[in-house]
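Listed after this line are the structures, all set down as structure tokens.
Here come two complexes built around chain A, the first alongside chain B, the second alongside chain C.
Our next item is the complex of A and B:
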């Protein structure tokens, strides 16, 4: 028995698919509310978002993997909300993806060509991995160089998402002395909108959040100067770290398992790169809000920053002076001071509260907060 | 007379693996493979990037060799530095590493089975014809797994039906559905599709174990000399109620009472899924494909470095998985390995896109290894490789001149040969249940079954490591880091060492040379290089190539037979092809720090 056929459900759309699969409008709205939280939109947008998504065919997505380690793909499989199953069965049509697709060889390449043909100008291209310019033979798929495959596939794409620090900034292959001449997507594709989603790997909800934005608005979110979505990369790890009060009080771990380390004091002196790293690890955390590197006792290595591999020794304290505006304040005040820095309005208070109390905060909780 | 018609079957991309692999198979007129060539088609050069850096941070670079077996290179790297500098890690750190490595196996093997390998055996489209009631009866006859009602399978089938009918097949587009090589009845197909989805949900929960100890997954954090996660519990001071006091109020670290409970929950979920879903599914599916216990053997020789020490890496006799080599199926003798002996482990580049200063015919031990990128293949775009010349970015590692297979089958055989009781029982149970002889292990499905059995063995061992960790903490031992050699000023001016682990895909070792507190040389030989490497100077094949020999292809346009055997090795090609080392400096300006 099919679920209620609402009059606004058009044939061949996500909405029809959801209805047929027995996903109620209520359940779908709940998913959309999660998505609005991801996108830093007012929860009141959930209705409009549900409408926009359910009227569309599942968005065609082509995912190309170049000089990469598959860590970005592994990371997106860890997404708790929406899940990978939500994505690939309900929201997008993942038409080419080496790690997941059933077809190999010619049949796989045909799937890519077919998706490009059927969705010309409309498909979303996701790229992980850098592109070697030193020699086309340094990396090939089906005998085609990475450069040629990227340029050919980019041509008909509506937009490109460069996931992971390798695709966004060149990543580890580009680290000194860059043996293969690795470059980022943005270095060579100049005529398409590109969203950089750096991180080694990126946080799953950051990837799914960007996808959700594209599905909803058919366009790209607001980006910073490095092409990153401001809603996730607007603040430093340090600004949002639950150990920030210890930093402000001058309480530092001197080694990895001293009494201070066990009490969760600040890891600045052990080389933490949190103060210069823009990412959402300290707020969304990893693996369903379980932890993030600093909480598990290791300083941030700065993996979402361009050229972080060459940015200085991992275990040497940053030499940069920390400015008065961010160093002297306690938890609540720091949140206030940071308010000017592209903090999304609706979760600001929650983040500050979470930091003060050090409760883990997940996107689900973010959305609950607003109800 | 006409010459016999031969044909070159090219599989590129090989999907549902990690990385970029290309198989070129020559077949006779009947479609039987006469010679197969395995090529890695992507190179990055991580070792050259490592040179001149601080050895303590090598793990973070090395770990990015692979994001699937996401911690194995981090582990091998910190162990290499610890070996070079004679650092013993505290008992708690060793237990935590065992738990993390064990969790990696269980997570990785289950995902390999359901998300990478299953579609070689499971026809998704056929599941539409299944009777949900009969599927439920089948599932309940195999195990006590709770999600097995007719309604559950009916829902999964309904979802699948609507997905297929909507016309956007996504990841299932262009699969070889309906191929006569698929033998499962519709009900078994439906059950497997349901478990494909369940495993996706399961895997993202169980990796929370890595997040507690390492801050995140993929790519958790490691530390030379121990583990970074300080234990946020003070056993000397009881907290409220009966539990121990944990530090810092609602501050502290992830490794507190809540974190430990998360770890325990993950272990429970792992054991439940392995016992109730993974093991029964493997046996049930394998029962329909007994032909695949008769082909796909490979080399017949096996190598392991060993893993899961009970008393530290310096005491190999305490490893759960022993170290050694088995030659030509002779289980009566385990040959010892000397990782430092220049005559034992060598890499050859006779058919790889590299130059050697000693000429392309000679092998080099990793301490003296060299790698100069020298791409001599066809200019892309190309149709086929010249497999009589150089054809891969992978080298050909050899032990005393022999090609060997590494991975789950090697480990299960090694435990079996060493008399490990649980292994003997599990192997015996499997052979009996499937009614196949012991020789069946040397095959495509033997490899796949070995992966399942070792997952069970490791999942069962997890609880013991966890209990020991908790007992240590309760007894007042919260040490996780040995800081005595942390400062580079305490190091000798020259040191070298080798760090080993058993990655899910097989034996992994990193060799490091430290000079004046910096990395002077760094070399890794990884599992998929052992298995997927090209022919050597004598023309001896690697395991992938040997395993494909003689495969009969039903339809060269749909080479499912090649995929079955290649996937049984669980390829990880980013791992296998990462090598370029400092001797390439004439070609590629090396930064000297």
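Our next item is the complex of A and C:
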């Protein structure tokens, strides 16, 4: 007998996909409860989310990869199975992703064009990698420049998700001296809602959360000033770090993997950028919640922040100068000394001149003046 | 320009220039002051008080009972503020890292909560000092604009540091950048304002003690 609350399974929907995969309603509700928690939504939303997602049609997704290292795709596909990430990715219709799709050459491009045509105004565009503006030939797919492909595909998209720091902020291609003239998606696409999911790579479940939000509410989540979902990028790594109490106590690891580091003391002195990095690593963690860089003994490098590659050495503490050196101060002191000698010489000359110009008066001269 | 870009500028070029101007300014002023010289003292010095200059440095740092009674606000707020400021500067772990990067050596820090409390006490004491300066007719008459500027320049690093630490008012990265800018402003102006007493204080105390002893007024 069918459970009274079991929603009807409509053909072509996520619900049908779930049923075909043998995912029980209980499992699906657990997934939705986790997602609502991650998205900082009230627990009561879990049911509504399950309802909305199971009735939603499989979302058409076009994934474009530009100047990137495929780390973002690796991150998402290397998640353990079965995971929330895999589950959701099986439930969308990934119509174009030139690393993952079986089709190649013209057939691949045809898949993209067909998806754009069939889902005009409705498909979700995911982009990883930056776009080279210096020369269209720097990066092309099927002879089409990254810029042209992005602008053409963005035109009919409901929203764009810029995955990874390269797409969201320009990333390492944009780092000084930026030889390809790399820009982010948001730099050139101005007329579409863009969700930035930065990170090098980003956390898989953040991606899942954004997709779940889109499927549930049909819109984009609340974003911060850098276009990142606040539910994942609302707090710094430092504020959520399990090593934080040691920072407050003034207990720091002095070198990598020393006894203090193993005991969980703070990695601030080793260059951790957690205090200025907004991301969810410290709470969601990586590899099925196993660990995250700071837990493994390496400071945060700040990979979800714009221009983090150019924000000073990775292994210098945040309170250290980016480039000031003792020799620079020595040279400044020498210049100050030279200027001091000049000022002293000037003062002494003024004093000597005043002394030389001083005329002594005699008593007779004074009495003459009185008369 | 993102907040992180601003912070990178504050930690980079802006800090370099501030440190250069600070180092050059301090050395210049020391040369200028010491280069003024004194007339040779031809009188035979009194023999009974060697080391009087050094003793004066210590003794003038301890308030006398009667002066403490006469102007308790100045003494208490002054001491409280200076102790809070010095602990905040030299015993907060991230600050020690800065000094280590420039000097090559560091020292143990104090727990952040303790430094935080002392920074708050220092700011309260600064507020009391300002109120007293404004309400006391003598102090008000003696003060000019440079005193108020020096007061504000001293408060700003404490205030921005406190706000950054507690994530108040502005986003942390931005507030940290403002904290650095306020310090850089202080560094640039310190050698050329009354705040130079940080360097000249003990020189002048030593000189006063020493010259007085030579004349028979042992400390």
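To be clear about the criterion, the second predicted complex is superposed on the first by the 284 of 371 C-alpha atoms of A that agree within 3 Å, B and C clash if a C-alpha of one lies under 4 Å from a C-alpha of the other, contacts with A are read in each partner's own complex, and residues count from 1 in each chain.
Note that a residue touches a chain if its C-beta (ideal position, glycine included) is under 8 Å from a C-beta of that chain, and two chains touch if they have at least 3 such contacts.
What you see is a predicted model; the values in this text were computed from it and never measured.
**Q** Using the superposition described at the top, determine whether chain B or chain C touches more residues of chain A.
**A** B
**Q** Based on the superposed arrangement, let me know which partner A:33 touches: chain B (first), chain C (second), both, or neither?
**A** neither
**Q** Is A:54 touching anything from chain B or chain C once the two structures are fitted on A? First, second, both or neither.
**A** The answer is neither, since A:54 touches no partner chain.
**Q** Name the contact category of A:296: first (chain B only), second (chain C only), both, or neither.
**A** The answer is first: A:296 touches chain B but not chain C.
**Q** Tell me which partner A:153 touches in the superposition: chain B (first), chain C (second), both or neither.
**A** Neither partner.
**Q** Would you check which partner chain A:317 touches, where first means chain B only, second means chain C only, and both and neither mean what they say?
**A** second
**Q** Going by the contact rule set out at the top, does A:305 touch chain B (first), chain C (second), both, or neither?
**A** A:305: touches chain C, not chain B.
**Q** Spell out the part of chain B that touches chain A in their complex, as residue ranges.
**A** Those residues of chain B that touch chain A are 10-20, 41-46, 48-49, 54, 56-57, 60-61, 64-68, 70, 111, 115-116, 119, 124, 155, 158-159, 162-163, 166-176, 197, 200-201, 203-205, 207-208, 210-221, 223, 225-234, 247-248, 250-255, 259, 262, 353, 373, 375, 377-384, 478-481, 483, 486, 557-559, 563, 574, 580, 584, 588-591.
**Q** Touching chain B in the complex: which residues of chain A?
**A** Where chain A meets chain B, its residues are 12, 16-17, 20-22, 57-58, 60, 65-75, 77-80, 83-85, 88-89, 92-95, 97-111, 114, 132, 135-145, 148, 171-173, 175-177, 179-180, 182, 200-201, 242-243, 246, 253, 255-258, 261-264, 281, 286-288, 290-298, 301, 303, 309, 313-315, 357-359.
**Q** Report the residues of chain A in contact with chain C in the complex, numbered from low to high.
**A** Contacts found on chain A: 225-226, 236, 239, 247-250, 252, 268-269, 275-276, 302, 305-308, 310-312, 316-324, 326, 328-329, 331-333, 335-337, 339-341, 343-344, 347-348.
**Q** Of all residues in chain C, which touch chain A in the complex?
**A** So the residues of chain C touching chain A come out as 2-5, 7-8, 11-12, 15-16, 19-32, 35-37, 93-95, 97-98, 101-104, 108-113, 167, 171-173, 176.
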